[in-house]
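Here's the structure we're looking at; comments come further down.
Chains: A, B, C and D, in written order; residue numbering restarts at 1 for each.
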Amino acid sequence: MNTPITASPELGSQLITLCAAVMLVLQFLLVVQRMLLTNIRLFALQSLMLSAIATIVAAFYHASHVYVVAGLTLVGKVFFLPWLLNRLVRRINITQEIEPLLNAPTSMLACGGLTLLGYIVARPFTTLQKLGNNTLAIAITLLLTGFFLMINRRKAISQVLALLTVENGVMLAAVALTTYGMPLVVELGIFFDVMVAVMVLGILVYRIRESFASMDTSKLTQLRG
Amino acid sequence: MNLHPLAILLQTGLLLALAPFVSGVIKNWKAKLQNRRGPPIWQPYLDLIKFLGKDVVISEHASWVFSIAPYVVFLTALSAGLMVPILTVQAPLSLFGGALALIGLLALGRFFLALGGLDPASAFGGMGSSREMTISAIAEPALMLAIFTVAITAGTTDLSRVAAALHEANWQLLNPAHLMAFAALFIVLLAETGRVPIDNPATHLELTMIHEAMLLEYSGRLLAFMEWGASIKQLVLMSILVNLFLPGTLAADGTVAAFGLAFLIFVLKLLGLSAAVVVVETVNAKLRLFRVPDLLSAAFVLAALGLLSTFLFQ
Amino acid sequence: MPPGFPLMSAIFINVGLILFLVGTVSSLVLQRRGNLAVAFAFGCSGLAALCGLTAFITFLVAGFSRPIPAYELFPSLVPNVHFSVRIDALGAFFGMIVSLLGVALSVYSFGYAKAFVGRKNVGILGAFFNTLLLATTLVFLADNAFFFLIAWEIMALSAYCLVSFEHEHDETRSAGVLYFIMSHIGTGCLILGFLLLFQASQSYGFETFHALGDRMPPAKRDAAFLLFLFGFGVKAGIVPLHTWLPAAHPVAPSNVSALMSGVIIKTGIYGLTRVSFDFLGAPPNWWGVTVLTIGTISAVLGVLYALMEHDLKRLLAYHSIENIGIILMGLGAALMFLHTHHPVLAALALSAGLYHTINHAVFKALLFLGAGAVLHATHTRNMEEMGGLAKRMPKTALFFLIGAVAISALPPLNGFVSEWLTYQSLLQGFGTTPSLIRLMFPLSGAMLALTGALAAACFVKAFGITFLAQARSQHARDAHEAPFSMLLGQGILTAVCLLLGLFPVQFLTLLDPVTKQLTGEVLSSKLTAGSAWVLSGTAPQGGTVSTLGITLIALCLSSIPVALWWLFARRSRKRIDATWACGQPILQPQMEYTATGFSKPIRMIFKALFRPHREVQREYDYSPYFTTTIRFSAHVEEVFETRIYRPFRRWVWWISRRMRALQAGSIQAYLIYIFLTLLLLLFFAL
Amino acid sequence: MLLLSSIVMIPLASAALCSLVRSHRVLAGFTIVAFAAELALGLQLFRRVLTAGVVSEWNEFFHADALSAWMVLLIAAVSLATSLYAGRYFRRDFAAGVITTGRIRQFFVLNSLFAAGMFLVVLANNLGVMWFALEATALASVLLVALYNRKTSLEAAWKYVMLGSLGLALALFATVFTYAAAVGPHPSERLPNFNWSHLINVAPQLDRRLIKLAFVFAFVGYGTKAGLAPMHTWLPDAHSEAPSPTSAMLSGVSLKIALYALLRFHILTTQCLGTHFSGTLLLGFGLFSMFLAAPFILVQTNLKRLLAYSSLEHIGFICAGIGMNTPLTIFGALLHMGYHALTKPVLFFAAGNIHQTFHSLELRVIGPGVVKVLPITVCLMGLAAAAATGLPPFGLFYSELTVISGGFAARQTITSVLLLVALIAAFCGILTQLTRILLGAPKVEHSNDSKPWDGVPAMGLLLGALLLFSVWLPGSMLQLIHRAAGIVGGIP
């Protein structure tokens, strides 16, 4: 290991693991929580953890450009997106998710299974991850549970949220696996993409709400065969 | 080998002369067997002459096909007859065609006969043609298979060569293949010449007649040639039977004596066969049309057995 | 043979091909000006066919048994594809057939297509007519599998467009689709077959395919044979792959029906011959047995179904199936003889088959042209509405009658000659093998006899009901004779029928190169007994026949009736009078025998096959004994359609409908698909 | 001159310009000029690549090899045809009052962005940038799909964007894993080089398990975007609801661009793990897509969905051809890409004309006898359909036969047979359906089309090119495709 490390890497690693674990917990809460506004807040917190991880990486490993990532995440995913979604929710005044396909206990069970799967998938790569333990596992779990969340929810907004948690998972993986995150240009590109994506989704959600008088995506079944 | 004009003329004359005689004989003997006096044996000759002289009445709906049909029937039967060995092993026209050509020519005649039956737009003619074509169609395989049986043993479809081959092979008749083929051909003969139990040449009852139904609208010389052609066809088929299955007696050389002898024996054989036909016609009733296939398929099976036995006993 | 002779025919062929192209383009360009388009299209096709005819006949006369070196029609700019053609005896023989028909049909079409001018776009008709002829010629000339398949598919495509020319009728559209689908499935089999050869030889060239089968593993060889049998069998319309044929041929314009029944289905025969005699090497016994069996079955069933038809063109289409069967009998026997190493007999059976191929092409085309003329005059294909046409269109009637006699294999016409050859080969086949297999020969011979007799019955019905007696409908009553060009087209084919019938020995010399190429034997010398006018079976003392002789003798004998007339009937008069109508005042057309009635005995005898069912509706005023009107209709069941094709089609639709449930519109379901795929692959990967 | 960057910039510029003008004609004019220029540049690039082998700019930010050049050509050609068609198409829509000027401008802007994104995908050297560009195309096309703002189009757009961005998230995972593999086990101060041109050289040294995992994610992710079954479910919805020009773009190139991205990973994987793993996946899912498409075609009730499923079948064929992984099959597959890109837009344009005439896409409503109403459109559509079902003399017959015979030559007999069976099944479906609507006599009397030549230039351009290249493949183009096939086949 020829990595020049000044501050104690263990500490950083510990902190990162902690934050990652918190992200996972938040994800689980998202799965069971049905109030939309709460969901949005939970997502904001999750993103906050993500930016925290980025900051830690930047601080402990002198990767100055990762600060930028952290900052962007903070601005975009902790403040801007939640604000945007809040506005949307208030505009189309829908407060809570209708009954999901699977009820809470079952979904918890399913997510547990998916977590297990995430660990199985990630196990071969434990040697590869430089920061924290099992962050990769958590990242993959975030992906799978986010996926599950998308399937399980019927409101357009909560599906968007689920998609965003998947994005968080990607970021986590990027940080966890690759020390310094991706090249800055890529990070920026990805970040702005997510922004645009959410706006597009917002527009669509709004239009759907207008023309269908509902946001229940399971009602969108005109196109068949 | 080449053609002898004399032989052709002779055999043509023989066919023309002998054909009405055979039908006359059969009519007469049948009557006798049924305790009737019946028409004299030469009655058919008188009929022909009478018909030839009479006016012709043609249906208003008929077309040219109606008027040419009798000549086609007559000529095909006649030229088919020239391919059959009657007095000598060497048939005058065997070079121009054997069994297959003969069957073909008879079929051509039947083709036009049936058309002639349809042409006057009467229901009877159509009925007759339909039945005629049906029966001949299901008779055909038996006929062909029987011919094949003989032809295979002789290795040729040329009737003269077949006769010759059987001539040399001493007394082939005991060969089971030949017996069965003979039986099959006999049934086919009954069918082709419109005899009981397939058809009744004597009847004019609308729903039972077949051959007569087609002739219903014919008159005068057209009728004459139709009748004559039919009887020639009957003679041809009979002489195939008698000469292929009892060939021993055909004239070996060209001397007049030999010819005379052969002629006498030939006539005797014909009379024998006619007697058989008469007996069959008398002791059997006419079959329903849809029972005829059973009889003919029996003939087919016989021929097939014959074929099988050539296969087995070689 | 003079040198540079192949060059000559090559030049002629190129000119012909170019003319076909010119015809296509010009008739497309002129489609707005109907008559002009007709003139250009069929003028070009006629000339082109004439060029082809000269080329192929000169080639065959010169007797090149070995192919002349292949040359590129035009340089290909796509890799692995070479538009190279070569003329060899087999290709030339079939090319001769297509060119011959091309000439007659073009002449006929001048008058026939005029009827469409203004009603439909004749430009399209002419264009695809030329394309079809072009593609078919190229099929016979192609020198590699790639080019062959291209020509083959273009042929199918243009045939489809011609079949659906009158696409306003639903029947036409569905028939076209059925045809194209089955032909495409067949093409798929051909592709696979050729690819198996390609796998063995790493090349597409027909040169390299020659006798390739001997170097292939037996399993693959048999697989290739079966694939080819299926693929070419679909095109040829063998039972049970025939269902498209009676659907597609009748609905096409009659000149096209003639072309399809005459030539297009023969491309299947060509392919089968090419493959099994040229490519696949020494055949195992079961190939021949299979082909012979299929041939026999097709012949009998084809004619039986034909008898049940009262649609004139469907009847003719079914007869194509029958005749394909007869051709295949010859080919199958030839394969069996090759297996038992009797090259001469193989040559005999092969030439029987090929002879029947050209015969069928000629008289079937003739009959379809006749049917076209009748259709043109009466605007119906239903024989029950015809009758009495012999008086209104005598020339057409005469031509049709000659065609009917020929197809019924009656002497002295060409159908008789080729079936006579088939009989001869079957007869002598009995001696070729000691095994029980040899019983097949006489039995299939008997079936051939049955076929012939039934065909005769069928054409008595076809001609008798259509042309004889009195007209059954107003259409038939005001029918009129066809225009000159249509009569000329039929006349040409009639003349060819007579020539092929009366001068078989002379024609057989044209087949020598083919038999030499495929079996190594030259036949015509062995087939003449003494004089050049007598045809003989090859065996030391096989039968002999001389159609010309029979005709002459019959002519001589006709002096007898004349003489008798002079003797007895000089003074007798001829009277026209009404037919006896059982005492009714006048004979109504309804009292005539109908086509359905004519074939009823056969329907009853073979009811196990036909499963006939009838509907009778009678109306009466006061007592059921005095019926005022009675309506009778009889149907037969087409076993293959109802027992194989329809259930299969239903099954496919059922499956497809079921599968649509996958795309039910719920995004959750779609997400689940992706999710499951991901999980699956994760397991697969780790 | 900066070739690659200008290729990416020109569409952006035209997008910017389009956002300023209002006149429909000017909008169309701008895009036509722009894409004509693109085509010219594409040919230029094609020449440069043939001579230089690889072209790169901005210290390798842009990077073009034979494969990219081939793609650039396809995109440029299809975009040009689309902009040729779009102007007239929207003018008719506007006249019919189904669409506002604002939306029309929106279309032209987004269309240019869409194209720009695709150009960036094929020219980007950095896998991350490639991902970013692909996401950009996805977003642009989503708004295009939703352009008409009908209920159904919104539904389609929603499904498209959800599934699409989910797939792209997965693809992003793949990118991250690849990057991790590039970083390697020994983290160092300097950022590792994440450029394709670098990766492909170090591929054999990369961590095998990571690459494998990356490929799985890339396969599902980019596969979703490329419409491989069973991730294809958004495809028929989007294709049928988008305005016809967009459907043409989606089916003509967009699917193939996603496939291109997938191929990059495939190449990497083959370099690292050998051909077996990724090849098998491509082959299996390709075949699955083909066999899934056939029954849906057979019982389809909507014209554009029918065409969409046929695209699914073609994509499946291309994947299978590449998956068989012999030089001949890959060559055939790439060629097939090209021919399909020239064929499918024609069908969608024709469908557009039919839609505007009959105001419906339901086969039942269009009913029999379109040929009587729109003779020219139907004629061209028939030709294109014949081509799409692989009938000669069109090139797809040739490319299909090449792939299948390649399979035979490589003793992959069963696979080839399956391919052929699927092709025939699709043929039967398309023939049955199109005959049902195109031919025959119309049920109700439609007013014969007033402007029969609408859209003919675009269709004529593509069909002409198709016919030309069916009988004449220039040696240089062959060389290009062969090189591209070499790249895909892993021959450096």
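Everything below uses one rule, namely that a residue touches a chain if its C-beta (ideal position, glycine included) is under 8 Å from a C-beta of that chain, and two chains touch if they have at least 3 such contacts.
Just so you know, these numbers come straight off a predicted model, no measurement behind them.
**Q** So which one's got more C-beta contacts, B-C or A-C?
**A** When the contacts at B-C and A-C are counted, B-C has more.
**Q** Suppose every chain is reduced to the average of its Cα atoms; which one is closest to the average of all protein Cα atoms?
**A** Located nearest the centre of all protein C-alpha atoms is chain C.
**Q** Relative to subunit D, which chain has the most distant C-alpha mean position?
**A** B
**Q** Could you tell me the distance, in whole angstrom, between the mean C-alpha positions of subunit B and subunit C?
**A** That pair's centroid distance is 35 Å.
**Q** Mind checking the centre-to-centre distance between subunit A and subunit C? Centres are C-alpha means, answer in whole Å.
**A** Spacing between the chain centres: roughly 71 Å.
**Q** Could you tell me the distance, in whole angstrom, between the mean C-alpha positions of subunit C and subunit D?
**A** 45
**Q** Which whole number of Å gives the spacing of the CA centres of subunit A and subunit B?
**A** That gives a centre separation of 102 Å.
**Q** Two-or-more-chain contact residues of subunit A, please, as numbers and ranges.
**A** Those would be 121, 124, 147, 150, 217, 220, 222-223, 225.
**Q** Residues of subunit B that contact two or more other chains, please.
**A** Within subunit B, no residue touches at least two other chains.
**Q** By the touch rule stated above, which residues of subunit D touch at least two different other chains?
**A** As it turns out, subunit D has residues touching two or more other chains at 158-159, 162, 166, 170, 213, 236, 296, 299.
**Q** Give the pairs of chains that touch; include all such pairs.
**A** A-C, A-D, B-C, C-D
**Q** Report the residues of subunit C in contact with subunit D in the complex, numbered from low to high.
**A** Those in contact with subunit D are residues 77-81, 146, 149-150, 153-154, 157, 164, 167-168, 170, 173, 176-177, 180-181, 184-185, 188, 191-192, 195-196, 198-199, 202, 652-653, 655-657, 659-660, 662-663, 667, 669-671, 673-674, 677-678, 681-682, 684-686.
**Q** Which residues of subunit D touch subunit C in their complex?
**A** Those in contact with subunit C are residues 158-159, 162-163, 166-167, 170, 212-213, 215-217, 219-220, 224, 230-231, 233-234, 236, 277, 281, 292, 295-296, 298-299, 368-369, 371, 386, 391-393, 397-398, 401-402, 404-405, 408-409, 411, 413, 416-417, 420-421, 423-424, 427-428, 431-432, 435-436, 439-441, 470-474, 478.
**Q** Over in the complex, which subunit C residues touch subunit B? Could you list them?
**A** For subunit C paired with subunit B, touching residues are 387-388, 390-391, 394, 397, 401, 405, 408-411, 416, 420, 423-424, 427-428, 430-431, 436, 438-439, 442-443, 445-450, 452-454, 456-457, 459-461, 463-465, 467-470, 529-530, 534, 537, 539-546, 549-550, 553-554, 557-558, 560-561, 564-565, 567-569, 572-581, 587, 589, 591-593, 597-602, 604-605.
**Q** Show which residues of subunit A lie in contact with subunit D when the two form their complex.
**A** Subunit A residues touching subunit D: 1-4, 121, 124-125, 127-128, 130, 143, 147, 150, 156, 159, 163, 166-167, 169-170, 173-174, 177-180, 182-183, 185-186, 189-190, 193, 196-197, 200-201, 203-204, 207-208, 211-212, 217, 220, 222-223, 225.
**Q** What residues of subunit B sit close enough to touch subunit C in their complex?
**A** Within the complex, subunit B touches subunit C at residues 1-2, 8, 12, 16, 49, 52-65, 71, 74-76, 78-79, 82, 93-101, 103-105, 107-108, 110-111, 114-115, 118-123, 125-127, 129-131, 133-134, 136-145, 148-149, 151-152, 155-158, 161, 216-217, 220-221, 225, 289-290, 293, 300, 303-304, 307-308, 311.
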